[in-house]
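Please go over the structures that come below.
Below are two complexes that have chain A in common, paired first with chain B and then with chain C.
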Partner chain A sequence: MGAKRKLLKGYRGGLLGSPLKWLIANIVAWTIGVLWVLPFIGIFMTSIRPFSEVVSGWWSVSPFTPTLKNYVDALFNPMFSLLRGFMNSFIIAVPSTIIPVMLAALAAYAFARFSFPIKNYLFVTMLFLMAAPQQMTIIPIFFMLNNMRLLNTYLGLILIHSSWGIPWITFFLRNYFSMLPKELEEIARVDGATNRQIFFKIVLPISLPGIISASVLQFAWVWNDFFFALMLIFDPNKMVITQMLPRLKGQYQIDWGLLSSGSVLAMIVPLIVYIIFNKYYMGGFRGWAMKK
Partner chain B sequence: MAAGIIIDDVTKVFPPNVVALKNVSLKIKPGEFFVVLGPSGSGKTTLLRIIAGLEVPTKGRVIIGDEVVVDANEGIYVEPRDRNIGMVFQNWALYPHMTAYDNIAFPLRIKKLPKDEIDKRVREVAEALEISDLLYRKPAHMSGGQQQRVAVARALVKQPNVLLLDEPFSNLDARIRITAREFVRELQKNLGITTILVTHDQADAFAVGDRIMILKSGIAQQIGPPEELYGKPANVFIAGFIGDPPMNLFKLKIDHPLIDTLNVKGYITKHGNIVYVGIRPDEAIASTSLENAHFIGKVILVEYVGSRRYAKVNILNEISMRVLAEENIRDGDEVRIYVKKLHLFNSNGKRICTINP
Partner chain C sequence: MIASSLKEKLIFLTPILLITVILYIMIATSIYVSMSDWRSYKISLNFIGLRNYIELFSNPRFYAALRNNIIWIALFMVPTSFLGLVLAYIMVSTGKELIFRTVFLLPTAISMTVAGTLWVWMYASEGAVNTLLKAFNLSFLTKPWISDPSTALYALIFVTIWQYLGFAVIIFEAAIKGIDPSLIEAAQIDGASSLRIFWDIVVPQVRHGFLVAVPLLALSALKIFDIVYVATRGGPGLATDVLGYFMWETAFWSRFMADGAAIATIIFAISLGIVIPYALIALRRWFR
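And then the complex of A and B:
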């Protein structure tokens, strides 16, 4: 009895029904969770130890000599400074998050609440085009940017990331806005607010969880992007961090320590963003629960 | 300044063909407390939304004060913000991200009134509604009754010509509900503001209304003061809808023995072969010792509704009805029943008359 009690400590009944179901759900969740973080642990273990210790695999733990050497080397490599890559990634990712989220929020509200001709066709078209793979669009994008003299510039890449983000953020926020209780907007109308005032004073503030979720995802996506950056930026001084990583692997033999410390550094930024906004982020996906 | 409201032959059809309101006409006097009472889905909210301008009628027009705010035939439509209406939704619709203060101040800030004027008016209305000490709380941290008051404050702060209340008491529990009714009623009388309240609860309606309109399936059934709806229901629907416990209603052939016993044949001969006879539980009494009773029955069950005691009795071996019970009556007793008042309706359910048999 005592053991069973302990085992089921977290069980609160309700949602998952019987204790057995709860147990199975937990086992599944933990298994997936462990499988998910295992590679990350591997990379991390490799990154904080001298190369000689990990040649036979990161899981061999003796000897174990923690060191920051790999990190220092990666950040201050005279050939490919990761620090520079960091800054470039920020320069790209921050506007590439703010611009599309702002524009998409406006579009999403229109899709959610107003009726205008061809609205539904427009929306469906957008959904269709969202399915197009990057590889299919890259050649026209390349020539377009070239013609606009925006190839190999921050602005060019920012524009591409922004336009790539607008459709899915519009889709995401439209669903979010449609779930908001209409009464709030209606009472604001009765109280004299214009559509613009309703959007900025009521809809946006109460949609903060949704806006933040979209921003976190877009930021992580842009930060992790390799393909667009690879195709559109080739000045080493403007390269983003994901472009820098492959260059760390060394010329004659792969320097796993350097490579893995670079990966950890690159990963850490989206991770921090997730952690900071975790509360909102989860709220955004749970959707809007009106307090009755 | 209170304004009268005229609803002129308003019909609302939602696509594809849901008729929410059908040819509704009514005149509400300046300063009147008017109640729309009807079951769920009868079109009450739709009517309020049309008056507020959140919905446009398919046919007909609405006049507030001396301004036509909407006329479907002429294509006139005045935006909600230009109608000077205060409204409280069923779930109050307080802005969750704002404090009570900001909620109440919202309509004034939209109007761009000076800051100290806003502050003065918010505090005044908060004082009147006794919510001064929760001005800096957010809705999530208020009780239902408090949220309701904030919502009413927000509706009143801009000094509207008309106040619209959509089931404002429905989320309150029974005890607060009674105080809330009194409170709204008193406030309305003090301010003299024309008010329309919508509800499906007859107790709400009777507690606050100067006049009541009964709505069913989008059709106005009867408009009048509470006593009239109770005393002279226009049809069987209203007769059954109003009154708690509900009226005993029997559909009877004209040669039914009950008709004889009650001695009402004279009133109904020219109304066909079938009539409805209605007897309110409160207008008939079961006793063991009545001299001039109308009929004899057997008590099936004695029960309390509210604080009153009723007996369910079986008469003539086929009809069962609920009537007031004298104190000493128990299950299974033989009782004598006296009917003080009864309501007669023709076979279409239309009122014929009310008589004392």
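And then the complex of A and C:
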């Protein structure tokens, strides 16, 4: 803490020494900041007003007639009901988060603490898997699920998301576990605890922040995924919300009222998760930058 | 390392072993399919060697897509990491980290499909970008940004910068905070200007941040698909066609499975080219 405060003070003396530099730095950051939230405000303003009011710019506020019509239209759309899409996204994203995080945590602990012959090779092969584009596995996945009668089912998509998540979560949690102090585990072992007991009773509870970070990122990834859903689900009743959104576009003319409320609905869950789990979400990103 | 019985190891490792093997079998299958004559709904796996690749290399669309991917990687990776570093430096220096971090990370939380939709609206003829230009009496600059072939690709690249900037910011913020404060203090005592401190101390000291951000950003740009699908479908013409979209259209629209698998294999080969140097550096650090 002391070092950090010193560091900040050091920067204040450096960058903010001259008021002009301070001003320029602030202008740059605020301009980009405003530009970065503008699309969110724009889509929200469009979604809560009749389209005729926003054609000359959604920031003009006279007249301003708030309405929920666009939301009702999107949620209860006869072809692609976003309410249905919402529920489907949950049905798929929740198990696709819990399953891989649990399995990857086991593997990550083994990588962090056990020694076994092919460990380093296995770890490297996993690392390469993370580089594989989704396109590289989609043809076999498609025909495998087809043979297993799992195409166009929730279970099929959940299985694919889970398998796809395991390598990176293992990698992530392995980094996390190997930074935990070993002393606690060693004391428990002296007291006669088995590895399994140590893992479930000591390691998992103290690494809860890491587990939550991984879960938040995996949940957001699955919720936001488009490619696998597009490939593996065709029934409009089973489609996830990100998949329905582009289909709301309309045949000839884009219905921006519908599309804007649809966008808000499709992003509201990951945004709420982001706001609630802010600390863990950022921790998840930082996890990649850790030195170990 | 901790003593553990074989049974225990198997309990912990079976899932990852299984998944790794399955995913590798799938990758191998794709590579095999790319050398087969499978060009319809019906599975057909007769080996025809590299013929699909040779055909691909004489297809102008392949080069258009590859070119767009390369432009995408360059114009996405460089500004995103540079801007991310500058903003992280400003944030740490001004002490307003929380608010900026929250704002810049906001777009990373949403789906690229939604990001694409948001920006199609921003770029629309009656959208914010054009309306703002008119408001500033710059009507001559207004254009249908994503249906004009000369701007479409850059308009989409900007969306990806918008979406990933927060990621770069947070990586570099962590890296800057890891710098030994005495280095900066020493430079200040020597009378170095803030710009000098930035170039001579901060930039070299955060190379670890670059090591993380650069390959991950490059991979994201290489795998781009969603936004092209949502916003332009590769058009107008081939202006925004990328390998990921080309693969999807070839395999699942035209049902040329073998050709699609060949494109996927090429994407995979390029991503390995990006990841291998990174993996070597990282592994040297871990398994010393």
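We take it that the second predicted complex is superposed on the first by the 240 of 292 C-alpha atoms of A that agree within 3 Å, B and C clash if a C-alpha of one lies under 4 Å from a C-alpha of the other, contacts with A are read in each partner's own complex, and residues count from 1 in each chain.
Going forward, a residue touches a chain if its C-beta (ideal position, glycine included) is under 8 Å from a C-beta of that chain, and two chains touch if they have at least 3 such contacts.
Everything quoted here is computed from the prediction, not taken from an experiment.
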item: Chain B versus chain C as contact partner of A:Phe128, first or second or both or neither; value: second
item: Which superposed partner A:Leu271 touches (first chain B, second chain C, both, neither); value: second
item: Residues of chain A touched, compared between chain B and chain C (which is higher); value: C
item: Which superposed partner A:Asn237 touches (first chain B, second chain C, both, neither); value: neither
item: Partner chain(s) touched by A:Glu183 [first = chain B, second = chain C, both, neither]; value: first
item: Chain B versus chain C as contact partner of A:Gly192, first or second or both or neither; value: first
item: Which of chain B and chain C A:Ile206 touches, first, second, both or neither; value: first
item: Contact residues common to both interfaces of chain A (with chain B and with chain C); value: 189, 194, 291-292
item: In the complex, chain A residues that touch chain B; value: 181, 183-184, 186-194, 197, 201-202, 205-206, 208, 290-292
item: For the chain B and chain A complex, residues of the former touching the latter; value: 52-54, 79-81, 83, 85-87, 89, 91, 93, 95-97, 106-107, 110-111, 139-140, 154, 158, 171
item: Complex contacts: residues of chain C adjacent to chain A; value: 1-2, 4, 8-9, 11-13, 15-17, 19-20, 22-27, 29-30, 33, 43, 83, 86-87, 89-96, 99-114, 117-122, 124, 126-128, 131-132, 135, 162, 165, 167, 170-171, 174-175, 177-179, 181, 184-185, 188, 192-194, 197-198, 208-209, 212, 216, 219, 222-223, 225-226, 229-230, 244, 247-248, 251-252, 257, 260-261, 263-265, 267-268, 271-272, 274-275, 279, 282-283, 285-287
item: Touching residues (chain side chain A, partner chain C) in the complex; value: 3-4, 6-8, 10-17, 21-22, 25-26, 28-29, 32-33, 36-40, 42-43, 46, 55-58, 103-104, 106-107, 109-110, 113-116, 120, 122, 124-141, 143-144, 163, 166-167, 170, 185, 189, 194-196, 199, 220, 223-227, 230-231, 242-243, 245-246, 254, 256, 259-260, 262-263, 266-267, 270-271, 273-274, 278, 281-282, 285-286, 288-289, 291-292
